[in-house]
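Shared between the two complexes below is chain A, which pairs with chain B and chain C, respectively.
So, the complex of A and B:
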């Protein structure tokens, strides 16, 4: 009787998970294995034959100058994450106080996050227009005699991308912080105030440590999400000018679907995977130093 | 004393409202530019409301052989089918992962979670080759079929199902109901808000998805809104008013979804992040 019941449970479990598992196997697990296999081949789309080349793709990657350039740009791109998190914390602190029109304000800050990345990328492209764009017009009127050329120059293009990304992510980070701030007991903060702590001391010594698990979570998810993104960059600069906005995820895309170097593209994509693993591991290791549960 | 706190509320409100307006200025600029004349695009100081509302650019975007109408229909088709499929399949799997005990369940869930670490770039190349051999490359199925499976959705629904007390299904078990009946009659009705949240978030992903469409579609007649937008901008790269009218067309549906479903979106995003 009991055994029968257990068998039924097992069957029902698979019945519920089955349909979804089929998709996960077909669209996640199998392609992942296939991709790993491609790493060891020189497969080019439409090419008549392909052969095993061992670790040649990896060797090629390690010698590829553009790989290092895109690695560097990826790091610069990722810098947007902690900056956006820091700003979001400040906004959340303010919105957590007693304010008028709190819900409307929250919605306004959150708005960029739900809009189409490509559409906003094109808007920013015009805002950053080097000669006549409104951003440079404002800078000029503020007395900047030689405003940067933003997306049209190699020096400032990544900075412009970072600004867009900080703006885009801010609302998401802010919403999560707001939820975390609401969990902090008011009594604790009252007690600190009665003991004579100044507002900035309360923030820095009590609130910031208390929300550190949230900060940790936002860092991990933000870094992983950012490193996977290439849409907005592909849409407005295609990695240029030069290779100044070429990031790793875009580098994969270009090799695969512009040069049809499938084996090589697969290799770069696994490098990307290892970087994601590395970020996660370093974060897990590092959290012991600054995250308080 | 009361007056003092009231004024400080106002000050903070004004300060935060100022920054909030700065946040949405790009949208305001986009809308106003889409109604201006070409000569007014880069006028400075910026005129936030056009002196004269010109509809020509919007008409250009919505008519002709490359009308956004086609892109809208394509996007709606892809997004709606994917979202309905993804929401139901996630709920099914999440029920299995949270409320049925069976051997290997936790190991399987770990496999699911580990797949979240694999970047989509790893999957693009093999999926492209697989879809090509299955004959679904350059069809909407290349977006819809994989779009029906979301690991995030399973994760989010599982969190929700775990929060429903076990007693509820236990009393139904005693009355002789099985898992399938409990799922449809008891759990799904309780999960309506969570399902709505997942559906809205999932829909926004599909609607905004540019990267998959870029990889898997070639024919212009199949383009979804983000691809259509890119195409429009490539072909009209000096028509800044038209570009902004096209960008507005891409953004407005999500703004409407956001205004209607803000509560669900905020709730869902917070729940899945904080409790996850």
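So, the complex of A and C:
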């Protein structure tokens, strides 16, 4: 009787996840396997036939200088994640205190995250305008004689994208940190104070270790999300000027949907997958040293 | 307890079944359309009209809707519906997907030979040599040859696609400069210097034809040298880089490319507002310049051919000729009906498109009437003589863009680095050659 009940429970469980699993298998797992097959072909969208070409795509990738440029830019782009997390932690600390307009400020910080990416892109393009943009106006009034050309130069364009991305992720990171800060029991903080800890010591020795699982979570999800993003760059610079903002995900997009080079695009996607995998594994391994549950 | 579980279970089933139902009804819907279509073709229901779908990149309100409406009124048995796709990467991808997956596309417009080539390879562009009742070369003139692939037409080039430099005639007159009929980039540079207003630029360029000077020179010289390597280090390429680079930095007569890209300078507005006296653009300018509500202007527009990079006209094949290459979907069940529509369209049915700058290429269409359509009631605000020259009288042989997208992009990326001052002209051409060679090896 009991086993029967269990069985029925299991069946019910499967029924519940069934519709979703169907979607995952059809639209994710099968295409993923198929894309692995494409790596070994020269399949081009619209081309009449495709043939098996072994490892030629991989060889081509390793020879492709744009791949290395994109890889480098991707690393620079990923730097935005820890910076954004660090800033979010500070903002969350501030907003966790008694403060006027606390709720309004929280909402304001979260706004970017729920704003349409294209709108965000256009506003930032105006802000970064080398001649009429407010950012350079401020820099000039602060005494910077030769403010950078931001998106119109190859040297500063990736930095500009990073700034946008830090700003974009800040709100989300901050909300998660706020939740984590409210979990911290007041007793611990009081005990530290009674023992004579100074505020920065409380923050560094008590609060930061206590929210470390949150930091770890934000780090992993942030890096994965960032490495997959290309929409905002496509909207602002399309990878230019030159190749200065070409990142791997955009490189995949261009090869697949601009050049119709599906086999090659699949190869880059798998390279991207291994990079994400590697980063995540390194973090799992590294977390033992600094994450405290 | 037990009942509540059964309720949940049955709810799950209901959800599942309704989902499956939705799926299958969706399938029936699209499949049903098709079989229905097949039957009408099989003439057992002759009364139902044939429905053709035409995909084009022009917004319906800029002409296509009026064209289709006119046809539908005259031909109740063949009804055409116009679908717009945006002529960019995403839009073309949408069209290609629709073509490959057999959605209803009967006619579609190609804007470059690059895209057409892919569609021919995929077998979705019908070889029109089966239709013998319309001689495309005779009707459209020898410029149509550029659109032939292996000596065959896979579509009908329908418009005169003019590329030109639009000039502020009033500014030219004030400076005592004639409207050029044949000029080089050096001369254009001098014009820009003379005409440069106190604030603003002597010349602005639309980014679509920006690359054309190189394309025009190399179409003549060849993109590939005799030994099979890239010819992108030709002196013409370097000359173009240095001329334009000089205009951007030394003369400051044209916007630095970095500024133009990031601030997306709306060049039509700048020209039509009188802020810049020269604009390198194509026939689509007329869509804006005829629109006095959004772009009020108080000067006359004159037209000059696009300047040459080289001294000798014979060493240069500018872009232009014919455009809007309309193909019939080879998988369509109504290729014959589509062909009837296409002939009518090319021979003057497309008249309403003229107001948007698209003049019919066919000699069956009345030229004067078309120009009247093109200019509308704004005829007085154009310099007719130079307009007629760039549209009809200039007999320089032209080419249509057929450069693969990868090559266009690599040239663009490298010249951007040059104009931003990251590399000098020699490095730029060397990089172009290196990447082009790599591409040639890959594409082989």
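Here are some notes:
Heads up, the rule we're going with is that the second predicted complex is superposed on the first by the 280 of 293 C-alpha atoms of A that agree within 3 Å, B and C clash if a C-alpha of one lies under 4 Å from a C-alpha of the other, contacts with A are read in each partner's own complex, and residues count from 1 in each chain.
Just so it is clear, contacts are C-beta pairs under 8 Å (C-beta built on N, C-alpha and C of every residue); 3 or more make two chains touch, one makes a residue touch a chain.
All of these numbers come straight from a predicted model, not from anything done at the bench.
Looking at the shared chain after the overlay, A:12 reaches both chain B and chain C.
Once the two complexes are overlaid on the shared chain, A:243 sits against chain C while remaining clear of chain B.
Once chain A of one complex is fitted onto chain A of the other, the partner contacts of A:201 are absent, as it touches neither chain B nor chain C. By the document's definition of touching, of the two partners only chain B reaches A:29; chain C does not. When the two complexes are overlaid on their common chain A, residue A:152 makes contact with chain C while staying clear of chain B.
Taking chain B and chain C in turn and counting the residues of chain A each one touches, the greater count comes from B.
After overlaying the two complexes on the shared chain, residue contacts for A:129 are found with chain B and with chain C alike. In the superposition on chain A, contact of A:259 is made with chain C only, not with chain B.
In the superposed model, A:114 makes contact with chain B only, not with chain C.
Taken together, the two complexes place residues 12, 15-16, 19, 45, 129, 132, 257 of chain A in contact with chain B and also with chain C. By the touch criterion stated above, chain A contacts chain B in their complex at residues 9-10, 12-17, 19-21, 23-24, 27-32, 34-35, 38, 45, 91, 94-95, 97-101, 105-112, 114-120, 122-124, 126-127, 129, 132-134, 137, 141, 167, 170-172, 175-176, 178-180, 214, 217, 221, 224, 227-228, 230-231, 234-235, 249, 252-253, 256-257, 262, 265-266, 268-270, 272-273, 276-277, 280. The residues of chain C lying in touch with chain A in their complex are 5, 8-9, 12-13, 15-16, 19, 89-90, 93, 96, 100, 118-119, 121-123, 256-259, 261-264, 405-406, 409, 412-414, 416-417, 420, 422, 435, 438, 442.
By the touch rule above, chain A contacts chain C in their complex via residues 8, 12, 15-16, 18-19, 45-48, 60, 63-65, 125, 128-132, 149-154, 237, 240-243, 254, 257-260. The residues of chain B lying in touch with chain A in their complex are 5, 9-10, 12-13, 15-17, 19-21, 23-24, 26-27, 29-30, 33, 41-42, 44-46, 89-90, 92-93, 95-97, 100-103, 105, 108, 111-112, 115, 117-130, 145-146, 148-149, 151, 154, 178-180, 183, 204, 207-208, 210-211, 214-215, 225-226, 229-230, 233, 240, 243-244, 246-248, 250-251, 254-255, 257-258, 262, 265-266, 269-270, 273-274.
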